[in-house]
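Read through the structures below before going on.
Across the two complexes that follow, chain A remains constant while its partner is chain B and subsequently chain C.
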Partner chain A sequence: MSKQRTTQPITTGTSVIGLVYDGGVMIAADTLLSYGSMAKSFNTPRLYNIEDRILLGASGEYSDLQEIVAKVKALALQETTNSMESIYVDRKLPAKSLWNYLRAVMYQKRSKMNPYWNDVVVAGWDDQADKPFLGTVDKLGTTLQENLVATGFGGYLAMPLLREKWRNDLSEGEARALLEDAMKVLFYRDCRASARIQLAKCTSDGCIVSEPYELDHSNGWNAPSMIRAAGDLDGDGGW
Partner chain B sequence: MFRNQYDTDVTVWSPEGRLLQVEYAMESVKQGSACVGVRSNTHVVLGALKRSVSELSSHQKKLLEIDDHIGIGIAGLTADARSLAKYMRNECLNHKYVFGAPITPALLMGDLADKHQRTTQTYVRRPFGVGLLVAGIDPQFQTAHLYQTCPSGNMYEFYASAIGARSQSARTYLEKHYESFTEASLDDLIIHALQALVGCVSGDDELTKENGSIAFLGKDQKFTMLEGDALQPYLDRLELKNAEEEKDDDDDEEEKEGDAPQAMET
Partner chain C sequence: MFDSAMPPKSKPLRSGGFNKNTSSIFDPLAGQIHNSEGYGATRGKIDHGVTENPYERRFSPYDFNGGTCVAIAGSDYAVIAADTRLSSGYEILSRDMSKLHTLTDKCILGSAGCKTDVDQLRSVLDIKMKMYHHNHRKTMTTPAVAQMLGNTLYYKRFFPYYAFNVFGGIDEEGKGAVYSYDAIGSFERTPVTATGSGQAYIIPLLDNVIAHRNRLDEKRDLLKEEVVEIVKDAFISCGERDIYTGDKVEIAVITKDGIEKTYFDLKAD
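Coming up: the complex of A and B.
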């Protein structure tokens, strides 16, 4: 039997975006599962709550994400239970440690030319530094720790908007509005994205992942750029 | 009662429900020279009496660094101890690479206990003939911990402990004073460790800077060794403290005599 390795993603999820705000971190992703150009499923959540301390989300191959989440959940459980003192001490896997762990895993897989075909977002509350944590790990094992993150198409379409509007003292409401705005733009311009999204936040009190809900895009097709015939002289001349 | 018939293999139970090979391994720990450990809320101090084979040889090292925040003191088969130290150091480094953070001592101790236990349930192996006193600082909660391992695989956490030859005298001292350790300063903790060690010295020997050894670590303090000349100030302080206490005892004696009724002159 010949060895098999990942050469291309088959069933995929698109962008995950996230930002740090005043008092927490928030990430968002849509719930569309694509099978090439086919829209396979409209309600597949891609954001996970790990032990009420860490948020995990990823774009790319969905089966690899499922594998990663299973491994991460087992690891987080092990941290809480595999110790002499677990019944007296409330020990939780720190988000930053998980981020580092995923780096080691992703890098090893890529070094064997068989990567998990994902861009992973790890978010949580850093108890030691007493501030939010937000970082990414890609399929090559590259890590970034940032205030603003976006994977996939989000890097091209959402990042410029997030960079424009982000401040380090954003309130939770402002953070949510900014992310929803970016997700709406992604829905308009990323053909593998949907308007049904999920939001997740993490503060010092714990993590919450929302149920999927639909963004209001009823006015989308009335946007000036959608109405004006592009070929006109007062249009942008494009198609 | 049946000690000799059931003691050849580690996988054989005695009729009293004992694993005699494991108990013999624990004897080996009792033969090693003394090692003590004490901890406060912020620091852990390990002390050891180093033995030398002859006047010509060096004194056997008994305190080893495992990581910035973990150290051990050994009693028993030194070679077994070095093997365990190598394993612990490897685990610490691996953890740092994978998780980007120092290992939690409690988790490492769990793995160490399992490693000890495995040797008691395999036909082809033997138990480790060494007891360890493990000092560690929990990086997540910034708390100080002292653990003791045993060839049987039993693992306990201690406020203070002593293992090795003549360690009962140290344990008696520690039992008496351990409640004052939690708030003690680092220097006081070191003196306590040395004081406990003094009781473990054999016969005419003394605790000196050559055969004594101290190591400490703390919340904001990496593992540090005190040996040779660095140890002398503490030994001096200990001598001073003991001399003062003796003087106080003598004074008390004199006072008592003074109160005795004088013979009346007739």
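Coming up: the complex of A and C.
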């Protein structure tokens, strides 16, 4: 009997970006589902709220993300209901534990040459350290815990902007503005991105995932570099 | 079902030399290399390197996350150092990712290569060391850990951990011990070693300055403070030329009194 293996992602989502701010962590992703170069669906959320404690988002193959979320939701529910202490203590699955668990899952799948073709972002509030937690796991099981994360194209287009503007005492409003700005840049320059985005935040009080909304890109085509290519201007516009 | 056991069917895309008809003198294509698409197909066809020689795109379980590690053994100390940059392709994933892993209070493992395999290797070693401790009621000695690392790597001989390791610590006689490894577990105790993307830039320098090769002056035992300065210089040079090395160097000095870690900034470009 022949066995099937992952060869390439078919239905995909693009970048997920995130940052830690003063008092929480915030992540963002657009809601476009791509089928190669076809825009298959404009309103597919890719950010999930797990048991009001953990935020999960991923770029890459959408079906693999659905599978991961189903498994994670079951695991988180198990943790709050079946665990040894759950009858005494209100225990919820910590974000960092989930991040480690996902790492093990992704590593095992890649070792069988059949990965979940995703770059997963895990965010939450670390109760033990009393700080926000933000980490990623990629399809090989490479883990990163950082204050700023971006998957896919976001690593090239959004990360430099985030690195430039980020400070560790950003307020929630500043954090949101920075993420929206980065998402706008991604919409302009990533062919597989859209202006319809979703934001999610997690603080010590819990998690919220917003409904998808449209970024204001009405001024987009009026930017100076769009009107007249900077390369024409004899300055350093490249090309 | 048994197709994989048979030798691959070789249908050459290029069939050279044989003539289909006997009247070869009348066949203008006789003797020429022509492809199986028939008469006239060769004329005007440009091979872009893909059609005639098909290749398969496939998933690679490995990624190269870069970085350089160095270890130097002294008379009563060992210095082990590594940069803190994590890259993937031309992207920097992190400027602050440690490549050093403390195994006991007397030895440290430094690993470059594929980060996910390195993490897995560290996990496996930690578990094995804990079991040893439960079974033998003592911590593993540095030479014992060195052997175990070699065995652990060879265990995955046919799907290797893509980890390039240097292992440094204090042996049972109180002397510095450094071991160098390849990805499948062959190892050797050496006075000095370097591994990773910047290996070729650092080893020649250390060969001369630490191991005292090709020098005419008297060899003398270096102090650990001197060795640390040499390591810093080595990483500066390495960071200059190797794109995967940079950001920071984490330097650990192991003596019988314990482990001391310092950090030294490098260029972030």
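One rule holds in what follows: the second predicted complex is superposed on the first by the 224 of 239 C-alpha atoms of A that agree within 3 Å, B and C clash if a C-alpha of one lies under 4 Å from a C-alpha of the other, contacts with A are read in each partner's own complex, and residues count from 1 in each chain.
Keep this in mind: a residue touches a chain if its C-beta (ideal position, glycine included) is under 8 Å from a C-beta of that chain, and two chains touch if they have at least 3 such contacts.
Values in this document were obtained by computation on a predicted structure and should not be read as measured data.
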First, second, both or neither for A:45, with chain B first and chain C second: neither
Partner chain(s) touched by A:89 [first = chain B, second = chain C, both, neither]: first
Partner chain(s) touched by A:23 [first = chain B, second = chain C, both, neither]: neither
Which superposed partner A:155 touches (first chain B, second chain C, both, neither): second
Which superposed partner A:111 touches (first chain B, second chain C, both, neither): second
Partner chain in contact with A:141 - chain B first, chain C second, else both or neither: second
Contact residues common to both interfaces of chain A (with chain B and with chain C): none
Chain A to chain C touching residues, read off their complex: 1, 5-8, 103, 107, 110-111, 113, 115, 140-144, 146, 155-156
Residues of chain B touching chain A in the complex: 97-101, 104, 106-107, 109-110, 113, 140-141, 155, 157
Complex contact set, residues of chain A against chain B: 79, 82-85, 89, 91, 94, 96-97, 99-101, 104, 127-128
Complex contacts: residues of chain C adjacent to chain A: 1, 57-59, 61-63, 65, 86, 88, 91, 93-94, 97, 114-116, 119-120, 159
